[in-house]
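A, B, C and D label the chains in the order they appear, each numbered from 1.
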Amino acid sequence: MHTAFKTIGLLGRHQQADLAEVLEQLLQLLAPLAVDVLVENDLAEIFHDDRAEMTTRESIGARADLVIVIGGDGSLLSAARTLAKYETPVIGVNRGRLGFLTDITPDDMSEQIPAVLAGQYESESRFLLDADVLRNGKRIASGDALNDVVVNSGTSARMIEYELYINDAFVYRQRADGLIVSTPTGSTAYSLSGGGPIMHPALDAIVLVPMFPHALSSRPIVVDGNSDIRVDILDRNHLHPPVTCDGHITMIAAPGDSVHIRKKPDRMTLLHPVGHSFYASCRDKLRWSNALVN
Amino acid sequence: MHTAFKTIGLLGRHQQADLAEVLEQLLQLLAPLAVDVLVENDLAEIFHDDRAEMTTRESIGARADLVIVIGGDGSLLSAARTLAKYETPVIGVNRGRLGFLTDITPDDMSEQIPAVLAGQYESESRFLLDADVLRNGKRIASGDALNDVVVNSGTSARMIEYELYINDAFVYRQRADGLIVSTPTGSTAYSLSGGGPIMHPALDAIVLVPMFPHALSSRPIVVDGNSDIRVDILDRNHLHPPVTCDGHITMIAAPGDSVHIRKKPDRMTLLHPVGHSFYASCRDKLRWSNALVN
Amino acid sequence: MHTAFKTIGLLGRHQQADLAEVLEQLLQLLAPLAVDVLVENDLAEIFHDDRAEMTTRESIGARADLVIVIGGDGSLLSAARTLAKYETPVIGVNRGRLGFLTDITPDDMSEQIPAVLAGQYESESRFLLDADVLRNGKRIASGDALNDVVVNSGTSARMIEYELYINDAFVYRQRADGLIVSTPTGSTAYSLSGGGPIMHPALDAIVLVPMFPHALSSRPIVVDGNSDIRVDILDRNHLHPPVTCDGHITMIAAPGDSVHIRKKPDRMTLLHPVGHSFYASCRDKLRWSNALVN
Amino acid sequence: MHTAFKTIGLLGRHQQADLAEVLEQLLQLLAPLAVDVLVENDLAEIFHDDRAEMTTRESIGARADLVIVIGGDGSLLSAARTLAKYETPVIGVNRGRLGFLTDITPDDMSEQIPAVLAGQYESESRFLLDADVLRNGKRIASGDALNDVVVNSGTSARMIEYELYINDAFVYRQRADGLIVSTPTGSTAYSLSGGGPIMHPALDAIVLVPMFPHALSSRPIVVDGNSDIRVDILDRNHLHPPVTCDGHITMIAAPGDSVHIRKKPDRMTLLHPVGHSFYASCRDKLRWSNALVN
């Protein structure tokens, strides 16, 4: 058997229960192929195998031709933020229920991973967001996200006041718990819980979803993916709004700061087994499939 | 004074109270310019003036370099469906409150119309939708819409059952009062009342909004503007679903029919006075502006 | 075996596939008990048995001590509207998935029906709505509903304009596709698809849910169950709004008419097997149960 | 002039810009009446007048026959929590826009306050909520609220997992940012931003609104006002959920704790000028009034 991927990286979260076992299965699947295998050295505690080289996540990004992430959508989000700058293709193996990003189960792995390595896969490109906090015009912090950047009050049931600008055009001044800025990838995650629309992954668009807005007529807004989004935290706020990237508090803004959000130049390449369907994932994850029963 | 628009068409709805008066004002504004003026012959009942030629809406589309529509967003929607194929630029004069499409008031007309004619305007391109009803693979009816195509049960509080396909990929089988398929232009109209997002007019996207879906997890879906959308009316339906284009019942489908919806090849060119802002229209029409008072 | 119910009525829809079979099973279950069995004479086509008397639905209401409805929630809604005035207790046997109102399956019937007849049941009281159309102060039509009364434009995607009064206090003037007025029983049906809240069946309240309201700040309103609700159809409407009761077009109003809606004096007594839980029905029907998986 | 209210208490927030001025106007209005005036001693910094006795808020609650709160809805919420146990009637004077609770403006004060004191007022009773955090069955903290009790993750965009029980019946296990438990009074505040219904103030009901629920089919639930609500914070949570009462973090729960919420035995008596209308407040505050313009 032959593969175009010469170096394969394996990533995972060492807290995951059966990670060592899944890694072992993967090594056996990869053994017949003349590939180099790199495993994230965070996993050294639970995994050691002579057939694999332990190295950093950054080094894997730089050297691997394909990265297999073991875990849920959260693990893949984390990997994506590191790997985007190396343009390394990524595929996800999910222990539990399928995710929107990870669509190979350990049970299907022995069939699907070799198929992918043999070139039978579908590839799609997902964009990420860059977020900067600016204070007096200077960038004081930055982060990136595959799903969403959320500017919020830091405390549920507290409001922040901000002004929203898109491509320097004033949109509104708003009082809300916060604002979710989501990619199509993130549109099936937190944004959806907040009333945002589902956006097809190939759509070049960003959605802005206000969280518990004080004005009832405030609605999600979908704008072009190349839009420059600016959230000005009004001086009159008494709190320091955290800015989360994919659910992690990455930065803390202050009254008077601006948060700039725009498409990242680097994109993630996500691989799927042949026959993958975004809508099938929706039907499964959002329980659409049986809508006509009764 | 000089203008690049040599032939100007004037459209309106003859039911409109002060239409004759507004037409008269427009003729006076146009008089100093060496332009030909065409007025829709539906208005012959209420308007006659030697300075203008009365002719059909189609002929105006074919001959005019610019069409001024007097009336609300509804009048402009209707004009757009005729004019798109001629690519005639359109601008709207609105008697009452500003609309999303019509942003010159009669009061501002004497200032803004000459400015537009002198080349001081902003131009944007809006896409329309084509909708066909197919029976046994043959097109039996068709329509077009600038705002939205709605496939529905024809009766509030009755459900239809349909399958949705996007680019031939199965999305879901659904039981609902109907489905709204909306352009960005229509996203601030009926789609918005049904929980759809606001989409910036320049976005190349279509939103699908289920109406009173039986499955609570069914949400608006935003897809690329070039998507091919197909709604298969299941055989098991006992009703004949009307298909509305911009709110008018244009076609009646039957159980077993398919409704195909996709972007129209022709686009509408919409002119605005300089300084126009989509978000300002939102603030005004959706009452966002005062959100921070109290 | 002994039962407090001396006369048992059986209702169903003759279109239902296996109705004769379920009726036969019920007769066998009832045979050992010294009860009179009445079967709706609409079913004479598909059912005849010497052990049962065929008679009208009204007569069953007047004479039976318990009515067993075979069918889904729709069949029970229909039965409830007839039986409420006789205060006859009702229990539902549902062929397919459990409903919110019908919670005995044919499989469980042989165990649960005898238990109910032996006095092992939970009883709850559900209120219905009376709706009248008034023209020039005179009632021209009336209907009743266990789930909801819907005043609507008659055509999806068309708006009506109306004024809402509650206990003669002006609430708002609104432009919308219509207004759903729902009991707690109906709150898990059409009202829920329109964004209304779930109301516990024991709550003495009515919810008013605007359908596709033009004003984005219009929201569902919950009022006391004894409220007098009046929907004044404005003269300026050009359409004749149908008024549906439990999904059936019962009356057609005209511009200038008023629709009055208030609690019916008669209530339905609904029986359940012991251990019934409204929230368990919600978990099952609304698919809450697995929310924490993944 | 004569009044049934012999002792009048005056409350306010000393940060409020023109508080001293409004207090002065009130004293002049009260001067002609043979009443004792008590002013909250927190205001000593900005106010001193021989005609008034400075004392604690608690003492005002115990002694006053009527309390006038100067400030917005927030000031009145705070006062209500103190005054409920003394059953002292309260009326609100609002500097800015009218609130849902405070409906006298300083401009109308000179007319409306004497009218109220002369017995021309409408009185309504509003219930409050008691909230306790229980650890191993023991109450470790408690709070009360006129608007709402919110159990949440403490951080926007983080989820907590909990089980909801109503009158000891299991409702669901849910993963969400939190849960809003709101009175009718609170239904026009935070609960409304989260998609909850408007509930008429006289309704004896509580609404439970999930915040950004992971399950899309999770909806607001309205239950009887006498329901016993229990939120069990699952052991598997890694965060300590704050419990807010009327927007203030009052208690911090831990994984394994239960939050109990039920109606407070004491109620607030709220006075309004004659002619007050809840729906008029809605029209004003929620901008319903002009819905038919355009």
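Throughout what follows, a residue touches a chain if its C-beta (ideal position, glycine included) is under 8 Å from a C-beta of that chain, and two chains touch if they have at least 3 such contacts.
Since the model is a prediction, treat every value here as computed from it, not as a measurement.
At the far end from chain A, in terms of centres built from Cα atoms, lies C.
The pair C-D is the one among B-C, C-D or A-D whose contacts match those of A-B for more than half of the residue pairs.
Our note on geometry: chain A versus chain D, Cα centroid distance of 40 Å, whole angstroms. Spacing of chain A relative to chain C, judged by their CA centroids, is 46 angstrom.
The geometric centre of chain C is 37 Å away from that of chain D, both derived from CA atoms. Touching of two or more other chains is recorded for residues 192, 195, 213-217, 219, 286-287 of chain A. With chains as nodes and touching pairs as edges, the resulting graph is complete, every pair of chains being joined. On chain C, the positions that touch chain A within their shared complex are 72, 96-97, 99, 215-217, 219, 285, 287, 293-294. Residues of chain C touching chain D in their complex: 161, 166, 169-175, 187, 192, 195-200, 202-205, 207, 213-215, 217-224, 227, 277-280, 282-283, 286-289, 291-292.
Taken together, the chain B residues at the contact with chain C in this complex read 150, 152-158, 176-178, 180, 190, 192-195, 211-214, 216-217, 242, 244, 247, 249, 286-287.
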